[in-house]
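What follows is subunit A paired twice: with subunit B in the first complex and subunit C in the second.
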Partner chain A sequence: MNNLFNYIEKESPIHGLTGATKLVCLLLWSLAAMTTYDTRLLLVLAVLGIALFPIGRIGVKDVSFMLWFTLVFLVLNTVLVYLFSPQHGTEVYGTCTYLFGLSGHFAPTAEQLFFQLNYILKYFATIPFVLLFVCTTNPSEFAASLNKIGVSYSVSYSVALALRYIPDIQKQYHEISQASQARGVELSKKASLVSRLKSASAILVPLILSSMDRIEIISNAMELRCFGKNKKRTWYMAQKFKALDYVSMIVCALLLVASITLTHINGSRFYNPFK
Partner chain B sequence: MNDVIIEFNDLGFQYRAQAKPTLYNINLKVRKGEKILIAGPSGCGKSTMASLINGLIPISYKGEITGSLLIKGKESREMSMFDISHIVGTVLQDSDAQFVGMTVAEDLAFALENDCIPQDNMKNRVKEVAEILNLGSVLRHAPSELSGGQKQRVSVGGVMASDVELFLFDEPLANLDPKTGKQAIELIDELQKRTGAAVIIIEHRLEDVLHRPVDRIVLMNEGRIVSDTTPDELLASENLANCGVREPLYLTALKYAGVDIKAEMHPASLDELTLSEADKSKIRAFFEQNNKVKEKADSEELLTVRDLSFTYEKTNKKTLEDIAASIQKGEMVAVVGTNGAGKSTFSKVVCGMEKEDSGEILFNGEDFRNLSIKERAEHVGYVMQNPNQMISKVMIFDEVAMGLRLRGVPEDEVKTRVEKALEICGLYKMRNWPISALSYGQKKRVTICSILVLEPELMILDEPTAGQDYRNYTRIMEFLKSLNDRGITIVMITHDMHLMLEYADRSIVFNGGRIIADKSCAKVLTDTDIVDKASLKETSLYHLAGLCGISDGTAFVQGFIDYERENVRK
Partner chain C sequence: MKKLSVKTIVAIGIGAALFFVLGRFVAIPSPVPNTNISIQYGLLAFIAAVFGPVAGALAGLIGHFFIDFSYGWGVWWSWVIASAVFGCLMGVATMRLKIDEGEFGTKGIITFNVGQAIAHLISWVVVAPVLDILMFQEPANKVFLQGVTGAIINIITTAIVGTLVCLAYSKAIPKKGSLKEEN
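Let's look at the complex of A and B:
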């Protein structure tokens, strides 16, 4: 089974960065990728993002589930964009070059294909970076650095705590679902979707009830050990900013600057090779 | 005197939502360096005492306090929970829930973090504590990678890190197997000697706590302190039996043999117990009378398993290897072993929740392997440990009816079958109650009932009595016994040695994915090697036999079991 939020402990320069740095970089990076449709910059971002995986020592296998999920989504999205506005490329780039000697509303144009290529590139520019962030950021250290950049510590800690309990809840879900199947709840593909949804409630109710019990105990346990006593707290996992942290943030900031500059030079968010 | 840490003066307490007070006229002093056990049945108010001492009352749980509680001379109501937590360190019952950090190191540091201790000091302190508790090698591990005993040591370490003057243990043995429980009691003892702090243990398992000496036992019942005296005095009195707390098993044996127990005999510890020659001969006579070899009646095989192997997919680890076992019709069998020994996996494979790699499963002589989970459930019912994990309906009737309705049984038949099952389980009068109104033990009954309604021939119960006091334990077990008398075969996964001795016909012992023993409980509990591998404890009866010069300790234990089953229960 693959976990959705899966911190993978390894030694790498990317693991060594503080969580705050990675969060800032993620924000700058995504902004840069969102702003522009410039093929050249998107290509740079996509290649850079993928190149970071070996540096972070994360393999394709570690993120396969999320990768499949996004690929399916990407294909679906691409097809739908084509179906709903096959002329969008023409509108954007202002020219209309029919390909393969076809013409008509649904006929492929070079502009449309180019637009959709950029669209796909946008995915490749952002998704790898997000996955990398998830895999290389230790939740506790992340909480510590969130707190450092000004988020209140009770909020930061709840984030870490939520991540901490995901595996427990998955395990419980599995056990409860087995027991309910024994009583006759059908969860396999044999049953219709509606009856499977109904069955899911037979698992969710006990899951929620037993989680509620635990929340009370945990919050008592935390209070008994002085959580919430002071305005501030220190963090065992906190890390100091190192040179590499600053360098990474500067690089990402430069990418954003490049993205904005390109938009300015191009006169729009699009790079137009058809002019 | 200044060395009084806790002082209750005529204290009473009533929870806001309850009609009657939970505590009445409590007077109790705990001094520095003392070790005190607070014992009593569930609902006697001992957990409420704990919440008062650590400040959860009145801060988290509201209610009305009368009289006074002084913590180091200060009125507790005027202190914050944080002030109190620097004096009182609490180790909660559920060491899983107490584990707040992502890793051992972070959890040990949790209180220090909240006290704004700089990171360097914190790391040193964590290292020191980890060394004392022998946790150095697992500092970076997550809670799921630890054993029960390690988790408990982490909970202790978490409060130890901030130098408290009183350790409060709330049912420290509830989630531990006998061997780990024994180690926990030894740890508490060492901890007190090392720190000189006071210790309060809240627990109803008297014999296990008395593995190491305590200064006083405070016995509670129905919100009042019944007695506050030395263990020897208490054990020589009738108070325990009146309050429904189980006395040590060797004392029960002494009483059966007609020995009069007096405080001068030091009944609190088997090592210090002094028996006169007359007493010893009484015990030997009791043994002679009950040492009969019983012939075993042959019966049919219900479940047979051969060469069963199972590999856990995620870790690629073999959790079951070449398992061969059989369960006879009408038996009550205990399945024992450490966590991860394969006992739960075994029952899951039998129920069809996991798929075996190889091997045979025969039920009533027929191949069981081609049936789905749902189909097998009509023959083998599985009851999970925590009833809250099974209950998904609001009303009792609907909960019990769920399995039948999902099988498309006509509604009028559902009604008759559910009512019959409710009748058997003693829940008929409550059939229209919401489940939320029930106690833990009653909920357990509902979950058993909801399985029973499918009329399985075999029921597997995971830890049916975990965390229950003597009274509830007896209720649940007598209920299972009555089902067994109706012809239902029962398999219990358990750590409870009393359950083994009192109710199981036989135990199957798992270790490292294999069955290492399959014999009578008396034999298992007197075999040093198996006891150790299964994380159990030798029964004190065995040592008592040695003390009285009875060479065949196993036969003595068996004699005790037979005597109890024939004469004491019904």
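Let's look at the complex of A and C:
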């Protein structure tokens, strides 16, 4: 399971933070990066996010696959944004400065290039932090931390259940798929899309029917142990807050405050150098 | 909020796990970035139809969050929330169906499919793009293209996969009054 979620077990200050802290920081950080389009703050976020990697003792090698994936998406998205609205920058910044003496719908403008730079920066402001979160947070601690930040424990328990049963269901899916293929169900590219979907259902039906049995068994077992009777619940993986936990939460909260203040000062979410 | 029953809690957990496995390992990429041909929505529609809107919404939310989480490309909250909205709307649309009592006839199939089509349209053509624009200020026509492609693909896959699964499940359950007294 730990392989599936790319969790890398190491000793580092970031690994030592509780799951709840990291979750709160992730939420604050993504909110901060989401609200602002200010180039300066995005740069700070991007640099900070990348600077955290050595502290968490996560190397580029550990995340190279995910980085690759993200970069492909980034390139595709940037190209698409340009193709679909090459004048988006002009709309956003309110001025139009053609570059290289070209003009027309697809001619590059300084505003568009600046908008796309911000767009790329926005990716770099959020993604390193998420990658770091994924690499340093034990999935089992995740459910416990959800409960700690105020999600009701039955919902947190659903998350814990999902994490517990993902490997089981994955294994079962694999078994059923191989059994069906042995009986002639075609799933490869040779079959047409509709027939592939139909054969996917042929695997799904036994998988879902057995999962329904599983739901029955687990809920009976939980009911027999009086799940949901008490208002609170303790967690095996829960940890106590330390000084560093408070510090990192305050830093992330300050970033969010900075982001909102900047939006207020600029009068919009964008930093406009063209005025 | 009303207290969730133990069965709903378990259904959310297992539903999210199924959603994750199907979405993570059975994905077929489509030409538009960030959009996969994903059979997991057929399953989500089924879970929502059987266990109701709360289970549908949370299973979609948790499952989709874990898919994004495990790929590590960042969690796209706009799309994660859209999945939850789909699960919730689907649960509301199919409130009156009694699949878990073994009833899923022509009328049920029509309700299910009209419901899923509307729920997909609202989630992918309205919720996801609007959230994308609010959060990332992406150009509107780009996100709407992604949304429309996603909606069309999801409607087709849900129509095939979801209907087949519902049919199979309702057949596996003995109907009310199916036992007769012997003379």
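In this section, the second predicted complex is superposed on the first by the 239 of 275 C-alpha atoms of A that agree within 3 Å, B and C clash if a C-alpha of one lies under 4 Å from a C-alpha of the other, contacts with A are read in each partner's own complex, and residues count from 1 in each chain.
Everything that follows uses one rule, which is that contacts are C-beta pairs under 8 Å (C-beta built on N, C-alpha and C of every residue); 3 or more make two chains touch, one makes a residue touch a chain.
On a predicted model such as this, the values are computed, not experimentally measured, just so you know.
Asks: Just to be sure I read the superposition right, which of the two partners does A:209 touch: subunit B = first, subunit C = second, or both, or neither?
Replies: Both partners, subunit B and subunit C.
Asks: Where does A:185 make contact in the superposed view: on subunit B (first), on subunit C (second), on both, or on neither?
Replies: A:185 contacts subunit B only, not subunit C.
Asks: Look at the residues of subunit A and decide whether subunit B or subunit C touches more of them.
Replies: Tallying touched residues of subunit A, the top partner is C.
Asks: Per the contact definition in the header, classify A:222: touching subunit B only (first), subunit C only (second), both, or neither.
Replies: both
Asks: Please indicate which partner A:154 is in contact with in the superposed arrangement: first for subunit B, second for subunit C, both, or neither.
Replies: A:154 sits against subunit C, while subunit B stays out of touch.
Asks: Answer with first, second, both or neither: which of subunit B and subunit C does A:261 touch in the superposed model?
Replies: neither
Asks: Would you sort A:234 into first (subunit B), second (subunit C), both or neither based on which partner it touches?
Replies: Touch status of A:234: first partner only.
Asks: For A:76, decide between first (touching subunit B), second (touching subunit C), both and neither.
Replies: A:76 contacts subunit C only, not subunit B.
Asks: So, A:175: does it touch subunit B (first), subunit C (second), both, or neither?
Replies: first
Asks: Just subunit B (first), just subunit C (second), both, or neither: which does A:162 touch?
Replies: second
Asks: Can you give me the overlap between the subunit B contact set and the subunit C contact set on subunit A?
Replies: 160-161, 163-164, 168, 201, 205, 209, 214, 218, 222-223, 227-228
Asks: In their complex, what parts of subunit B are in touch with subunit A?
Replies: These residues of subunit B touch subunit A: 54-56, 59-60, 80-82, 85, 90, 92, 94, 97-98, 100-103, 105-106, 109-119, 122-123, 126, 144, 158-159, 162, 314, 348, 351-353, 373-374, 376-377, 381-382, 384, 386, 388-393, 402-403, 406-407, 450-451, 454.
Asks: Spell out the part of subunit C that touches subunit A in their complex, as residue ranges.
Replies: 3-4, 6-7, 9-14, 16-18, 20-22, 25-26, 28, 33-34, 37, 39, 42-43, 46, 58, 62-63, 66, 69-75, 77, 135-142, 145, 156-157, 160-161, 164-165, 168-169, 172
Asks: Using the touch definition up top, name the residues of subunit A that touch subunit C in the complex.
Replies: Contacts found on subunit A: 4-6, 30, 34, 37, 63, 66, 69-70, 73, 76-77, 80-81, 84-85, 88, 92, 119, 122-123, 126-127, 130-131, 134, 154-155, 157-166, 168-170, 173, 193-194, 196-198, 200-201, 204-205, 207-209, 211-212, 214-215, 218-219, 222-223, 227-228, 269.
Asks: Quick one: in the complex, what on subunit A touches subunit B?
Replies: Within the complex, subunit A touches subunit B at residues 1, 138-140, 160-161, 163-164, 167-168, 172, 175-176, 178-186, 201-203, 205-206, 209-210, 213-214, 217-218, 220-230, 232-238.
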